[in-house]
Every structure is written in structure tokens, then in C-alpha cells.
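Chain naming follows the written order as A, B, C and D, and within any one chain the residues start at number 1.
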């Protein structure tokens, strides 16, 4: 099953690489060459930067999690496709939010897609841990997923706050991105600890 | 020839990853930010979900089948490209069906493309089995391909039923997807059996 | 330098996979759902099939040629990018030719791009042979490249014949594709002979 | 961490392959089939050739640099994503510059994106050298990065010169591309020297 894990990683990388890149196709080329032509692009660009960070974060965390996995099964393959499905909707809500200058409904929908991505990621993590056992390195490293739970909480708050003003929601999406930009050291550290323990034993 | 098999898998994964992702480009960003703006997107989204499942299923089964293969030849390379050709038409019929809210002709054409994909997959399977021998693990695992034959039968029924009402056809496409969402355990189980037999011998 | 060859193959596969797949984006979804709506798509589809075959042929031959290579150098990297450049223009001339129902100028430009691809491929082959030596397995397998020279001759004839009627040119493009659809056994056979000789020695 | 480096290379290759290929989608298919219809495409094509060379150069240099690296860390992962972000803006400025026939502002913005790419590449190089140590093979090979510093200088000059006439700026972008088209032999040569030294020792 090692080959299956490798091909799952390669396929996921391919899809994520395409998702992160096709977003740039939504940066519509302005017909004018005046400096003022760039002004309506600013919110589109802010959306793009935010989503680029999110997709980058997912690639990074997905990579670390699969790295710690030894093998996969059928349910994990489908949970992974489920995550890729919600990731694939990010370009759509990114463009909708950016082109409409952070209007309320697109900002809320953006948050909804982020929540669904977080849930899809949790399902994938849950199935991977179940597959490897509660006492596995992977389960140990993933821990109680505090960061993931906090993220979902902030997303929900962001959606609620968007009813006051969508910019608060947008700000909170940047907050979550900032939290995750610190790479997921949970698994990395545990892996290092594990290696050290083995060396000392 | 092992390298050729690896590169065939990588190339197929790349094409399938692009097919599954570019479909999202057909989700046209609405200009309005009213909730009502999302209503015409619902059928497009339903089409997208259906096709995402189908392309995911093909990736999954293609992966399992190639995994069981030891090597490939020229005819298999071309049969694989033939399958990729029909897979590449899925985004086209998906968009046509979704944007026209499941009108009769697009639903029928969607079924036609699914049938051609099923036939292309059967040709690929046939050539792989012929290449590995009738008594090979791959031939044994693929069996009489009951699931594949049933699928083609349901596709044909779906096309016929679309003349009564296209929603019946659409429903039947979801039925086939559901049948396949259970991962192809045929090959997986046989592989396990084979391993166990070897261990017992 | 073995890793460089591997990454060159992976990068080329990625670009070729994208080229073969984005062509489908030119299949514009018709707004009507009448059967007559599919009629203007027929020439677009014929163009698509032709180009799908050509890109598939290039992937296949590129794969076999690189497979026979032991290593690459800087000049080969650039010759490969040069080939990818001309391959990347195939979707453009494909769409232009198909949407204009095989009008004269697009058919001629299609032939021009095919000639440039053939030349770019020859340059790549020449540099690979020079790098491996005139007596190498690769040089021996590539031979005098009769098929490649015939192809360029037919492309030129097709362009000339398009001044009489573009359909003659189009027909000749299909003839060349048919010639190449028989996989490049030159290298494959030589590799087999070489293996046999080694076994007999 | 060797697997992480491999997956970083594969992901980067995927993104760069998509960037270099989606630029062709900006080559809008002309509706006319007259020879005059190709005239407005000429500047778009010149832009495309220039950007194809630049993305090719970045792929080439990125490949050589990562090849010399033994491992990566979290900061390097993010510096790499930062580089990919600026690379992903190349199709946007390419289309803007080409469609507006090298008007002043798009030419300046093109130079700005090139500068940001050069800076992002320097940050990645700096972090890789810091990670491997000042006396590492990678640090030795990268040297004082004269070519990179000269490039940034020429980009800045090109932007300034575009205020006189944008064609001077455009010409200077071609000059930098020409400088880099000679593959980055710095690392390659040092690697060879290193191997020779080891053999002599």
C-alpha cells in the first residue's frame, strides 16, 4: 500500500498546484493602461493573497500529515477527494469576494467554504488516526487538534461578524491564516522526539 | 518497462488532476451579491459534484488497475490516451448540463460520454489482461467485470429514461456513482488473498 | 545528473498534460440545448481529436527518447523547453482552425506550428545523440529519422495543398498522425535487440 | 526530511508547469481568418516568448539550487511559496503588457513583478544557504550572486528607462533573459569541482 500512499500524495499535490495557480486566471487583465485601472484590482489581489496563503497552508499541513502516515485505505482515499473538492471551491469564492469588493454575502460564503475545508481536513485526519491506531505516532502528533478547533471557531465568529461589517470577517480570515503560517510543528517536533527517543534507547 | 508504467501513471494522474480541477472554471462567478444570485448556480454545482465523483472514481479505479499491472506495451499506452480523451470531455458535458438546468439533450450527451468512458476503460482493462495473461493476478482480480457491465446498462437506461424526463437520467447517473463510491475491492481483496496464499505456502 | 533527467521528464510530462487538457477549454459550451447547437462544435471537435493525437504522439515519443537517454546537459534542457514552447502553441492554432471551420489561413498556421514542433524535436534528438555519442544506443535507435523527415515533407505539402483547398491540408495532417500512431518501435526494438545481444554475449 | 525536499520540488514543478502553460490561454483566438488578424497578436506573442523564457529560467535555476540542497525546513517551504506567488503573477502582467502593445504602465509593472521574483528567489537562496551553513557546497556554489544582483539593477534601470520609452525597458528585459539563458553553471561547475576534489583526495 506504500505505492498507493505515494500516488495519493502525487495526485493531491497535482490538484492543489492547479487550484493555487488557476486563481490567477480570475485576475482579469484591465483594458486600460492608466494607473487608475489597477484600483479595482486591489480587492481582487487581496483575495488572491489570502487564498494563496490558505491553499499553501493546506498543502503544507497535508504534506506533513501524509508524511507521518504509513499507509492509506479506501475510506482515506475518499476523505482525501472530499477535501480536494472543498479546496477546489476556493478559487470560486475568492473571485466572487474579490470582484465584489468584500460584499457581505461573498465574505460569508468564503467563510463557509473555509469551514467545510476545515471539517474535511478533520475527517481525513480522523480516518488516518483510526487507521494507524490511537497510540500511533500520527495520533500522538495530531494531539487534540486545538489549532484546528480554534480555526473553526474563528471562522464561525467571522461569519457572524460579517453581518455587522464584512471587513471584520475578512480580518478574522487573515488572523487564522497568520496562526497557521507558523508551520505545523506538532508533527515535526513529535517526529524529532521520536527519533531522539529511539536513538537514546 | 517498469519506468514506462511509472511514467504512464504519472502522466495519467496529471491529466486527471487537471480535468477534475478545471471543471471549477465553469462555475461562473455571479456579478450580483444577492442570495438569489446563487440560485442559478445550484444545478451547475450539482453537475460539478456528480462529475467530481466520477473523475475521482476513475482516478481511483485506474490507480488500482495499474497498481496490479507489472508492465505496459504500446497498445496499452494508446488505450490509456483514448480513455483520457473521453475523460477530458466530462468538463464540457458537465458545464453544458449544469448551465442548462438538466435539459434533455445535455443529460443524454452526458450519459453518452459516460458510456464512452466505460467502454474506453474496458478496452484498457482488456489489453492489460491480454498483456499479463488470462491466468494473471490482474485477470483474476478483474473477473468478469460485472460492475462495469451493470454501469453501461444503467447508463443506457438513463439515456432512454431521459426521453421521459431528464431528471430520471440524472438520478440514474448518481446511482452508478454510488455503486462505484465503494472502492474497487475486487483487485484489493484478490491482492490480499494472493499475499496470504503465498504466506501460507 | 540522473536526478536532472528525472525532473526534466516530470516537468515535461506536467506541461504536456496541461497542454493536452486545456484544449478542452476551447470547446465552448453552447447556450442552446437543441441538437443543431452541436453542429458548429463538430469542426472544433475534429480539431481537438487531431491535436489530442498529436500531443499524445509527442508525449509518447518524448517518453521513449528520454527513456533511452542516460543523462542530460544544459543545452538539452533548453532544447526541451524550446519543444515545449511550440507544443504550447498547439491549443491556440487548434482553436483558431476549429472555430473557423478549417479556413485556409488557420489550416496553414496549424501546419506551420506542426513543422516547428518537428524541427524542435529534431534539435532535441540531435543534442541528445551528440551528448551520448554517435555510437550510443540512442543514436543507433534514432537512426536516420526517416519518419521525422517524411513528416516534415508531408507538413510542407499540406501547407502547399491548402492553397488549393484547406481540406487537403487537413487530410494530410491526419495522415501524419496515423503514421505516428504506430508507436515508435525504433527505439523499443533496438533496446530489445541490445538486451538480447547482452544476454547472448 | 529528504521526502519533504522531494515533494517541495514536485509541487514547485507542478505550479511552474501550470504557470508556463496557462499563459497560452491569454493568446485570444482571433475571429477573423485574414492575415491581418494576426497582427495584433504579434505583441502578445512577443510578451509570451519573453515570459516563457523567464519562467523557464526560474524552473532551471530553481531545479539546480534545490538539487544542491540536502534538506529543507519550514521557513524554506514558505520562502518557496512566496517565490511561486510572484511567479504566478507573471501571466497577468504578460497579458496586460502584450494586449496593450507595450504601453508604459504595463511595461513598468512587468519589471516590478520581475524584481519581486528576483527578491523572492534571493530570500529562498539566503534561507537555503543559512540552513546548510556558510561553508556548505550550496553557499560556495551560489557565491556572491553577481548575476542576480546585476539582474535587479537592470530591472530597475528598465523601469526608469520606460519613462523615456517603454521599448527600452522591454529591450532590457530581453537582455536579462539572454544573460540567464546561459544555464546557471555556477552550481554545476562547483559540483563537478567538488566531485573531482573528492576523487583526488
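The rule we apply is simple: contacts are C-beta pairs under 8 Å (C-beta built on N, C-alpha and C of every residue); 3 or more make two chains touch, one makes a residue touch a chain.
Note that the structure is a prediction, hence the values are computed from the model and not measured.
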Each chain counted as touching subunit A and subunit C at once: B, D
Residue-number overlap at the subunit C/subunit D interface, same or different (half cut): different
Distance from the mean Cα position of subunit D to that of subunit A, given in whole angstrom: 27
Between subunit B and subunit D, centroid-to-centroid distance (C-alpha), Å: 38
Numbers and ranges of subunit C residues touching at least 2 other chains: 10, 14, 18, 22, 25
Graph class of chain-chain contacts, one of line, ring, star, complete, other: ring
All chain pairs that touch each other: A-B, A-D, B-C, C-D
Subunit B residues touching subunit C - in the complex, by the definition given at the top: 3-4, 7, 10-11, 14-15, 18-19, 22, 25-26, 74, 77-78, 81, 84-85, 88-89, 91-92, 95-96, 99-100, 103-106, 109
Touching residues (chain side subunit B, partner subunit A) in the complex: 9-10, 13-14, 16-18, 20-22, 24-25, 27, 29-31, 33-35, 37-38, 49, 52, 56, 59-60, 63, 67, 181-183, 185, 188
